[in-house]
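Per-chain numbering from 1; labels A, B, C, D, E and F assigned in written order.
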């Protein structure tokens, strides 16, 4: 089974090269000394606990970059929930090459699985019947944004804007610089591409009303207690209901159900990428 | 006060550029629309909780790369323990530039502080009087190895080998390929630079004896219960005590005291870098 | 006067380095032979015809990369209309360095001015009272997208989505793959970030109705005669008027007035960047 | 039929990667949402008007970099004149990959065809029986010099020097710095490689005589009226006829016949690359 | 026969690309003009004198980067001693591609063979029965460290530390900064990874004793006459013999036997890489 | 005194970064442990023997890249002959930074001085009264071509063509592919830029006559005995004397006088760059 991998190689290859240069740039003293050049091996990536599979395609590229003659096979699609002891993928070929790429492949996969698994937990915390989506933020690991956003999607969550050029998000400093919510939204609408949504962070219901009146496409409720969130959702409906409502600000897993029930369209969670325990994926040699 | 920053710019600049390209490569729609080109600002990085300071020098480079005219000042040395609400550093100048660099600077600093703070916790768990050092592993975030290893040191822990070319570490697959611990160590000693230490992972006391007899510089006790670790330390002493003893394998904070008291020279902890909650550092504009 | 330049250096520097390597990577035989190392010079960039100024900040970086000791001063803000013989910027210092950077600086500036000037012409063709904006497309010169989009804005036009990840634009092949306009829009809304607008290209009024019913944020009228465009604008109004209307497809300057009067919100013009005569900017040495 | 492509991959790959990063660096929201991962497609590049084919080899590399499993076939050799509706090349495979690479491939090919087609027009304007060659200049698009020079050759024109290190071209500032044409040529001959030709720009017939006397390999007649060009050609013949004569300076297509008949060896035309309308090449999916 | 090549492609590819850009970045005027695009060729790399084979794997990558369709076959393993007229490797395919890659491939191979052959001479100068190893230093050609260190090993010598981060080497300036040999060693032991050996350069026997007492893992005898080296080796034995003894400092081939007989463990020789005559390897076309 | 350095930074910086990444990419264990962060130092580069100074500008860039606060001063111009114990340049500032950049700076400078000094020896071997120039070849160290060509010039020699795109050089394989010297020259003249000289390698006097008749700009006498060279020079004179005569092929220093007296215009010497002993330049700390 081939990994269904949607990241174009032109992006992945850059961070893969960087990671391999970090670890293998001076060769592998141990493997070169101890493993014959012609020794062959088969190694299986195995989930050591239950997890959401992710990143086989990236591992495939790591091994291909070390040694193009290695054969790689994925056994599980990205996004699948697997039990402990599941084989995720297998790499076969020159033993030296597998050993040289092992750590980099695992460092990437463990992080991607970690992100996907954690995202899954947040998504699963949304009560049945709620249409709320869980979204990531720009709090990604520098250099790994594309991989982490992919893992977020593999875990069933959705992405927020990719970068500062993909959508408008007006925050407190922008509001202050413009002298209010309305002028900030108006300036953004005039200057930004008509293809870009305009999201505005609000801290009070008064700001919310101003944002809605100015035609914000999305309102971001920043760090509001649930009761206020409920009021805000109602205010948006009263205003015609065109704007999407996003809640954010130090959201924990425990708060997901109540925020979802409050009727927000999206909850964005920095922890989805900024605080991720690595998943326990091991590489077992036959 | 200048940040005491030991990382040569040639290394930092590469990941800083990559991170800025990810976030700012298409410009900043919001800031360009809402903030006048000549607006000035002063922003302070503030610890939102107690933490170990780290990474001001990296933040300085991020802002310098966005706009060389920004002024940056660090208030706390890397490695210092600070209380919540401590100002870590200040950046002054064109408001647009500060806003454009904010997220990348924080993403890097929050991770570095997170690593330093967690390392500090492990180091502090070593009972007084024990000479045991806490060490990292190669389980670092791809692309960030140099920054994370620096943060580990800022937290009072020590680094393990930097990469596969810096020291020999013989693991189970190498032993299997050579047909035993002794031939593996002998081959490594013959092939590797005489400047490289030879460390050998052992899973049993029998393997330990074989590694000591073959002259391993370091023995790595892999996933051993504390009672076995104590036996192993005694065995090393009996053998002359020249080899360093390192314990590793899924070590948690809770096990640090007993492992340290068992007399190991070093405890290497993958979680020091592979599972790090981002520290809560905010950027407050005056 | 400083150039008001909004492009972060991290992006500009890459294409500047590439351009300098192309032209100067083997040195400058002539200048090294003929111009004394200590000769000083002052050179003024001069508009040889009426144009919209653009790109002084990029020229400044080119010269800085050749020789950091050169002094650079811009005399005209990006976006200003200037008459022939206007001085745009001045560079002073080592004559060799100015000569070595001249061609690369001019190649970049002539293209940026060309884009800005042409954009200005399209914008000026919009009749007074029409709110229609002129927008670029992804038909930019490979490697120069950020610079050309900046020049488009300097000329008073606006940008379309920056890249394939910034907004959804459903075209004929996507519609075919999904079996219709509605399922395409629905799949996109489910998968894409909630921060991304969903634009749908339509070739018939029936497709337009389907797109509006499915809640497209923007409808792209592809290659429609003006009469059909007028019908389409009316249909959008009937449907509630929430969707923006964009016209596109081989639009020439001559058609701008009638399309604008038809009431579209935006006209996107590939020629804004794909077919641009270089502006005549010369560098005169004192 | 294979594209006869003479550009070494090591050069093309760099700008291809840059262009793909610009457009596809954040993924393709639309295609990922709307096109099944296993959908297959066949797409044909088709000339929408008469043109000179060029750049199939570059398109092939773009698609290979997006997805190495795509199959690419060129139907027409670079440099061939084709009628409207001619199929230029075909790409087959995963529909997603073709859609992701389409814009970048077309942006490059449309520009290369545009350059080749325009070069062809200039070459065709040289009257039968004239040996005059049409040449490009260093006024190329930054980052695309190698591709544009290749396209110039595909259109039947010839290249001028590649960069500042490939040949000597003495201009007014160099002459001024040396105190005259003769010392400038002498200094250049002494310093430059003996493998480098020495070309000297002259603005008057007096300068021409001085350049010929000093042994210039090529004289560049800068912005001279045709009558003066004719005199200059005669002067070169009188001087022994060893020097090549090149005319340059704002040359339009209309002036090519008279300049060629005047007997110059080469006419260099900046517009060959600095002002090129993109050719209309479309990608039709079966 | 496949070249047994241990350098991971991720490292080799970078310098190969740089070298090809240098030489082929503007195309190959001669080959494009004179050799038909479809001409085929077979070319054999031949040793023009006796030498130690090295670098076939690097040559293979050069040709693959120019044209992936070329076939490459190595006939001799790296490290093998070959006589004059031995065929080292063969490349077959498009004649143009072979000619375009020839110079870069030979420049790399001639240097690698040169290093390997010279290393072999130093290793062969060690008298039978001496266990002394010949080692390289960090005096490598910038950009080629990995290739030259590989060639050193192919010649039978061994590597010293790879870079400043792989092992500690305390020199005179470090000793001065710490106020003595002992504090320098103690500080290094406290700060450096426990996986890093600590080597200390000594200029006198007194310094030697201090280094041994402080527990240096290696002592580097800097520029000592042989009689002093003999004394130093005796002092190390008296101290328990744990430290390795390395001699260095302007060592010539002629001094190798006496230094080896003096009993040092290693002799490090900067000339192994900093002063290497290129080996005479030619490329003969069938 | 400032170093008179003609290499544009855009080229030098790339190899400087590569070299620093090789050596300093993992930090400097020793210096960080032993040298206080605030220690200051002054270090002088000193010639340990007579040599031709070269490369101070490159050293300056190395130190600037490690630490922009270091101050650098050159005392001797590139190309100056200096006696042993001459101070070449001085660097001042943070001791750590100087120690971290020392090896890379010296590796580059020692090679550049080595090339310049050796070039000087060849140039000095040309008898007084002979106008013969000594030239380098494309046998440069991969990655260092620009630096080595600069050093060749500093030593008083001249450069040959920079790369395969800068001039035509027809060799045996090209002649074979075209079926003779004349068609090879004619094809090259038709295809190559008119700004490129056409050089043709000849192995016999018959080939020489054919090359001259076909109008070669330069004839390269390959591996001819001096008597034949004398005949060849006479043949060129008989043919009108327009072509330059270059001798090449395993030329040693000893043969320079006789080849120069034979009247050739240039002697190209591969050994100028492919076999260069590093010059002995040391860095002395005050």
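Things to note:
Here is the rule we go by: contacts are C-beta pairs under 8 Å (C-beta built on N, C-alpha and C of every residue); 3 or more make two chains touch, one makes a residue touch a chain.
Keep in mind the model is a prediction, meaning the values are calculated, not measured.
Greatest centre-to-centre distance from chain A is found for F, with centres as Cα means. By residue number, the contact pairs of A-D overlap by more than half with those of exactly one pair in B-C, A-C or E-F, and this pair is B-C. Set side by side, D-F and B-C show the greater C-beta contact count at D-F.
Per-chain Cα centroids separate chain A from chain E by 44 Å.
Rounded to a whole number, the gap between the C-alpha centres of chain C and chain D is 23 angstrom. For chain F, the set of residues that touch two or more other chains comprises 24-27, 32, 100, 146, 162-163, 165-167, 169, 191-193, 196. Interface residues of chain C facing chain B in the complex, by the touch rule stated above, are 4, 6-11, 146, 149-150, 162-163, 166.
Across the complex, chain F is touched by residues 17, 20-21, 24-27, 32, 37, 65-68, 96, 100 of chain C. Considering their complex, residues 14-16, 18-19, 22-36, 39, 41, 95, 99-100, 103-104, 106-108, 110-111, 114, 138-146, 163-171, 173-178, 184, 187-188, 190-193, 196, 270-271, 274-278, 285 of chain F touch chain E. For chain B in complex with chain E, the residues that touch the partner chain are 133, 135, 158-162, 165-167, 169, 191-197, 199, 217-218, 242, 244, 246, 265-266.
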